[in-house]
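Shared between the two complexes below is chain A, which pairs with chain B and chain C, respectively.
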Partner chain A sequence: MFLDSDLLMSALRALTPILLAALGGALCERAGVFNIGLEGMMLMGCFTSVATSWFTGSPWLGVLAAALAAAAYSLVLAVGAVTLRGDAVVLGIAMNLLAVGLTSFLLRTVFGVQGTFDDPSLAGLPLIGGFTPLAYLSWAAVAVAALLLSRHVWGLRLRGVGEAPDAAATLGVSPAKYQYGAILLSGVLCGLAGAQLALGNVTLFTENMTAGRGWIAVVAVMLGRAAPLGVLLAALLFGLAEAAGFRLQGLGLPQQATDAAPYVVTLGALFLTTARRRRRPRTTGAVQ
Partner chain B sequence: MTRISGALRSPLTFSVLAGLVIGALFLLGTGADPIAAYEAVVTGALGADGIGSTLTTGTSVLGLALALAIPLRAGLINLGGDGQMVLGGITAAVTGLYSPLPAPLTVVLALLAGMAAGAGYAVLAALCENRLGVPLLVSSLLLSYPAVSLASYLARYPLKEPGSSLPQTRALPDGVALPAFGDSTVTLGLVLVAIAAAAYWFTDRRTAVGYEIRMTGLNPRFSAYAGVERRGLTLRLMALSGGLAGLVGAIGVLSFPYRFVDGSLTAPGYTWTGLTAALLAAAAPLGTVVAAFFFAVLQVGGLAMERTTEVPRELTQVLQAIVIVFLAARLRFPGRWFAFTRRTRESGAV
Partner chain C sequence: MPRRHRRSAQLAALATGTVLLATACNAAAEKDDSASAATGGSGKSFTLVTPDAVGQNEFLKLAVTGVKSAAKQHDGTQKVYESTDTASQQQNVQAAVDAEPDVVVLVGFEFADLVAQQAEKNPGQQFLIIDACTTKTFKNVSCAVFREHEGVYLAGAEAGLLSKSGKVGAVDVLDTPQFRRYSDPFAAGAEKVAAKTETSTRFVGGQSPFDDSARAKEQANTLLAKGYDQIMAAAAAGNYGVFEAAKAKGAFAYGVDVNQCASAPGTVVDNVIKRTDIAVEKGIETVLGGTTGTTVSYGLKEGGISLTGLEDGVDTSKCVIADHKDVLTKVEALRDQIVSGELKVDDPAAS
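So, the complex of A and B:
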C-alpha cells in the first residue's frame, strides 16, 4: 500500500527542519519583518552543529552551538533591517549567499575537504520512538508559538508592532525591541532546524545542504498566513511531498522528478490558496 | 573636495572597501599574506593566462547581471535565473542537435530558441504574480528548481551521449558553434551580451520606456498614478529578463565543449554573481557592466589565488556577499570624519 504509516513517519521526519524554520519566519512576519534569510541561518546551523559535534563529540553541544551561531548570524538582519532601516529582502538574499560562501570556505579551512564532510564517528542525534528530540521540540514549539501569539502579552504586543508600529510606539511598546526579539528567535529556531538537518535527517555536512528548504519555509509562512497551526499544515504538506517523492523513487521514477516534487507541490498549494482569497494588506517590508 | 568626499561617503565605496578589508582579515586568519593574495587575484584574472578565462566567465556573469538588472530597475526581483538559463541551454542543445538547417542558420535558431525558452519560463513566473497573487520573488525561485531538475533529467537519460560516463548530451554537429576569437574560449557570445548591455543603456537613458521603468522602481505608486500599467510591465520585463538568461544558457552550449553538460551552467553560480552585480550597481546599466566585470575578475582570480596561496577560492564568494550585506544595510563612513579632515586642513591653511 502507498499511503501507510511508514510514509507518514518519513513525512514527519522531513517536516521537522522546515517547521522549525517556518515558525521563526512566522514570528518575524507577525512582527512586520519579512525574513527571507531563513535559508542562510539554517545553513549556518548545519555547519556549526556538525563542527561542534565533531570536535566535542557531543551532538547536544552541537545543537546548542547551532542555535547560538544562527542567532548571532540573524543579528545581521536585525541590525541591517531594523536599526539601519535597510532593505530586508536584499539583506536576506545577501545573507543566504554569505552563508553558502562562508560555510564552504570554513569546510575547506577547518576540515580540509571540499564538497562533503562525512565521518562514521561523527555523533548524530539519538532517536526516541523514531524521531530526534528536536522533532518533539518542534511540535511543542508550534503549541508554544500559538499560545504566545494568541494569549501572552509578549505575543500580542509583537502582533501589535507588526500591524501598527506607530500605534505600538505611542503606547510605549518599542517596535525595534520586539522586532529584534522575533528575529533572534527566528535565528535560534533556524539554528535548531539546521542541527536537525545535519545531525538528525543525515549525519554529515554538504555544501549548500539546505537546498532551498529555507525558501520552502518562507512559502510555508505565506501558505499558513503566519499562524503557527497554518504553518504546521503547510510544512506537513511539504513533508508529505518529499516522503512521497522518495517512495516514488523506489518505484523507479528518476531522482530528478522526485527532487522537483516538493517545489511543484508547494507552488500548486500557493496557487490554490492565493487564488481564493484576495491579497490581504501586507506588513512593512513584505514584497508586493 | 565635496565631490571627492561625496564619492567616499557613498555606501557603495564603503561596502566595497569593507568587503576587501574583511576579506583581508579572513586571509590573515588563514595565515596568508592579504597583499600577495589580492595581487594573485588581479594578476591571475587580468594577466595573459587569465584574461581569456575572465572574458568567458564575464560573458555569462554580465549576461545574467543584465537579465536580473532589467526587472530590478523597476523594483522586481527575478530569482529564477538558474531555471531560465538552464532551459535556454537545453533548448539550444536540442535545436543544435536536431535542426536540419545549415550550420550557421542552426546557430542563429539555437540562440533564438534558447532565448524563447528562457523568456517563456520567466513569463510563467510573471503570470503567477499577476494572475495568482504569488509574489514574483517566490514564484520565480520555486519554478527554477523543477526546470533545473528537468534539464538534468534530459541530459542524464533521453539525450545522454551513448557510451559516455558523464551526464552530458552528444556534441553538437561540426560548425554548430559560436565563432571564437583566435585560439581563445572567448566567443561571439561576448559581443552579443555587450550589444544587450548597450541596448539596455540606450533604453534606460534615452527612451520613454526606460524612464517609466526607472520611475516604477523609484516609486511604484506614483508611476501607477502616471499611467504605467504594472502587470503588463512586469510581463514584458520578465520576458526580457528570461530571454537574456536563456541567451546565456544558449551561448554556454554553443561554446566549448559544444554540448549541454548537467551542472556546468548552474555550478559556477552565475545567477547569484549576476544578481549581486545588479544589486551592487542598483541596476544602472554602466554600473552593472562594471560590477559584473569586477565579480568576474574575483571569480577567476580566486582560482589563481587558491593556486598560489592555498586559500580556498570560496573566499571570493564570501567577499561578494559581504559587499551586498553592507550595501543593503546602507552603511557609510560617518560624515564627521570628512568634516574633521576638512576643518583641520582649512585651519592648517590659515
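So, the complex of A and C:
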C-alpha cells in the first residue's frame, strides 16, 4: 500500500523542523520583516544543541542552548534591519553564509573534526509515540501563534506594525520593539528547529546539515501567507511530497524525478492559490 | 567519494583541534619532518599534500603511512604538507613544487585542477594524484584510481549471506554511474551468493545530497519498513543517518572508505576500504621506474580495495563481521576468484 502509517510518520518527521522555522518566519513577516535567515539560524541551533548535549550529557540543555544561541544570532538581523535600517534580504543571505562558515569552523575548533561529528554516546531527544517532544511543541506552537495573532493584543499590535508602521507609531506602539520581539521569537523557533533536526531527526552534526530546509520554510511562509495554519498546511505539503518522493523511488522512478516532487508541488500550490486570490474581488481593501 | 565528510569523531581529537586552531593562521604548510632521515642515501624525496588536516582521518593517515614507507624503501626523505582549506591547498602545492622533490603526491579530487596548472608550468616535476586524475593527460602526471565496485561486490556477498529477510538494499548519494559503483555491485554480490535475494537502491538526492543525514536516514527507513535488513551506506555524511536508522530497527549496515564500525558497533557489519597507502607506495614505485603519465587502477588484486573483514585486526575492528568467520571464508573465496580473473564484477561507471 502506498499511503500507510510509515509514509505519514516519515512526512511528519520531515515536517517538524520546517514547521518550527516557518512559524518564526511567519511572525517576522507579520511584523513587516522579511526574514530569509531561517536557514542560518537553524544551522546555529543544530550546532549549539549538539555541542551542549555532548558536553553536558543533557539533550534538554542542548535544546535550551540552541534556542538561546539562535535568538542571539537573530540579533544580527534585528539590529541590522530594524535599528540600522539595512536591507533584510541582504542581511538574511549574509547570516546564512556566515552560519555555514561559523559552524564548520567551530566544529573544527571544538571537536577537532571536519565534516561530521558523530558519537554513539551523544544523547538525543527521547521519542514519545514516535515523535520528539519538540514535534508536539511545534503543533502546539501553531495554535498559540494563531491565537496570538488573531486574539491577543500583542499579536494585533504586531500585525499593525507590519501593515502600517507609521499608523502604529502614532498610536504609541513602537514598531521597533515589536519587530525586535518577532525576530527574537523567530530565532528561538529556528533554534528549536535546529535542535529537532540535530538531536531528533538524527543525532549528530554535519556541516550544512540543514540542507535547504530553512529555504523551504521561507517558501512555506509565502505559500501559507504567513498565517500559522496556512504555514502548517504548506509545510505538511512539503513533508508529504518528500516522503512520497522517497516512496516513488521504491516504485522505480528515477531519483532526479522524485527530487523534483516538493518543487513541483510548490509550483502547483503557488499557481492554485494565486489564481484564486486574483479572482477574488478586492473592493474591501479600500474601505479598511 | 567526498570522504572529507566521513570523519568519526573522538574526544581525544579536541586537543588536536586546539593546536590546529593555534597554527591554522600561518600554517600554509604544517611540515612533518619526523620520519625524514636527514640525508637520505639515494637522495630521493617525496612530498605528500593532503586536502585536509590528517587528524583522525584514516583515509589520509594511510596516505601518510604510504609515503613514509616509500621513503624508507628508497632510502630517501619525505615531507607531509597538511592543508586546511582551499587557499592552503594552493599554497601547499606551490610550496611542494618549489622544493622540487622527486615526486609530489596529492590525495583527492580537490587537486585535479591545481595539478593540471602546475604540471603545465613545471614539465620537469613528477606528480602523482591518488583517487582522482586530471581531465587532460600530462606526461608528468600519474594517477591512481580505485575499483570500488569490487569491494562493494564482496560486501554485497556478505549481506546476501547474512540477510534473514532475503532483502538487501543500498542508500546511495546520487543516481550517476560513478556513484552506482556503490550500489549496483552490492546487489550483484548478494544475488551471487543467494539467487533469490531482493535488492533495491535509494538515492539521497535533494539540495545537498552529501550532507543531508536526516534525508539519508529517511531513505534508509523506507527500505527498513519494507523488511530490508542489510543496507549498504554510501551516502557520504548521510552514512551516519543510515547507521542510526538501521540500529533503531536492529538491522545491519555497511560502511565505505574507512572503518566506520565504531560509529555504530553491532550495527555496521563491514566496510569497503580504500588502501591509499598501497596506492601511494606502488604509485611512487612506478614513477621512479620511469613509467609516468599513466593512470593505474587499484582493486582487490592490487590490494588497493579491500574489506575491513579481510584485513588484519578484524577482531578489534568493532565490526559485526568479526563474529561471522564462516561468512568471511566464503567471501575470501569470492575475492580469490575476482583476483584471478575467474569472476568479473560489472563496473557501472564503465562505458
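By our rule, the second predicted complex is superposed on the first by the 258 of 288 C-alpha atoms of A that agree within 3 Å, B and C clash if a C-alpha of one lies under 4 Å from a C-alpha of the other, contacts with A are read in each partner's own complex, and residues count from 1 in each chain.
Here is the rule we use: a residue touches a chain if its C-beta (ideal position, glycine included) is under 8 Å from a C-beta of that chain, and two chains touch if they have at least 3 such contacts.
Please read all numbers here as calculations on a predicted model, not as lab measurements.
In the overlay built on the shared chain, the residue A:R13 is in contact with chain C alone; chain B does not reach it. Once the two complexes are overlaid on the shared chain, A:P254 sits against chain B and chain C alike.
Judged by the touch definition given at the top, the superposed model places A:D119 against chain C, while chain B stays out of reach.
Applying the stated contact rule after C-alpha superposition, one finds that A:G212 touches each of chain B and chain C. Once chain A of one complex is fitted onto chain A of the other, the partner contacts of A:M95 are limited to chain B, with no touch recorded for chain C.
In the superposed pair of complexes, A:F111 makes contact with chain C only, with no contact to chain B.
Residues 108-109, 114, 212, 215, 254, 256, 259 of chain A lie at the contact with chain B in one complex and at the contact with chain C in the other.
Touching chain A in their complex are the following residues of chain C: 4-11, 13-18, 20-21, 52-53, 55-57, 174-175, 200, 202-203, 205-208, 211-215, 217-219, 221-223, 225-226, 237, 240-241, 244, 262-265. Chain contact summary for the complex, chain A toward chain B: residues 36, 76, 79-81, 84-87, 89-91, 93-95, 97-98, 100-102, 104-105, 108-109, 114, 212, 215, 218-219, 222, 254, 256-257, 259-260, 263-264, 266-267, 270-271, 274-275, 279, 287-288. Residues of chain B touching chain A in their complex: 26, 30, 77, 79, 128, 132-139, 141-143, 145-146, 149-150, 152-153, 156-157, 220, 272, 275-276, 279, 312, 314-315, 317-322, 324-325, 327-331.
Interface residues of chain A, counted against chain C in their complex, comprise 6, 10, 13-14, 108-120, 197, 201-204, 206-209, 211-212, 215, 242-243, 246-247, 249-250, 254-256, 258-259.
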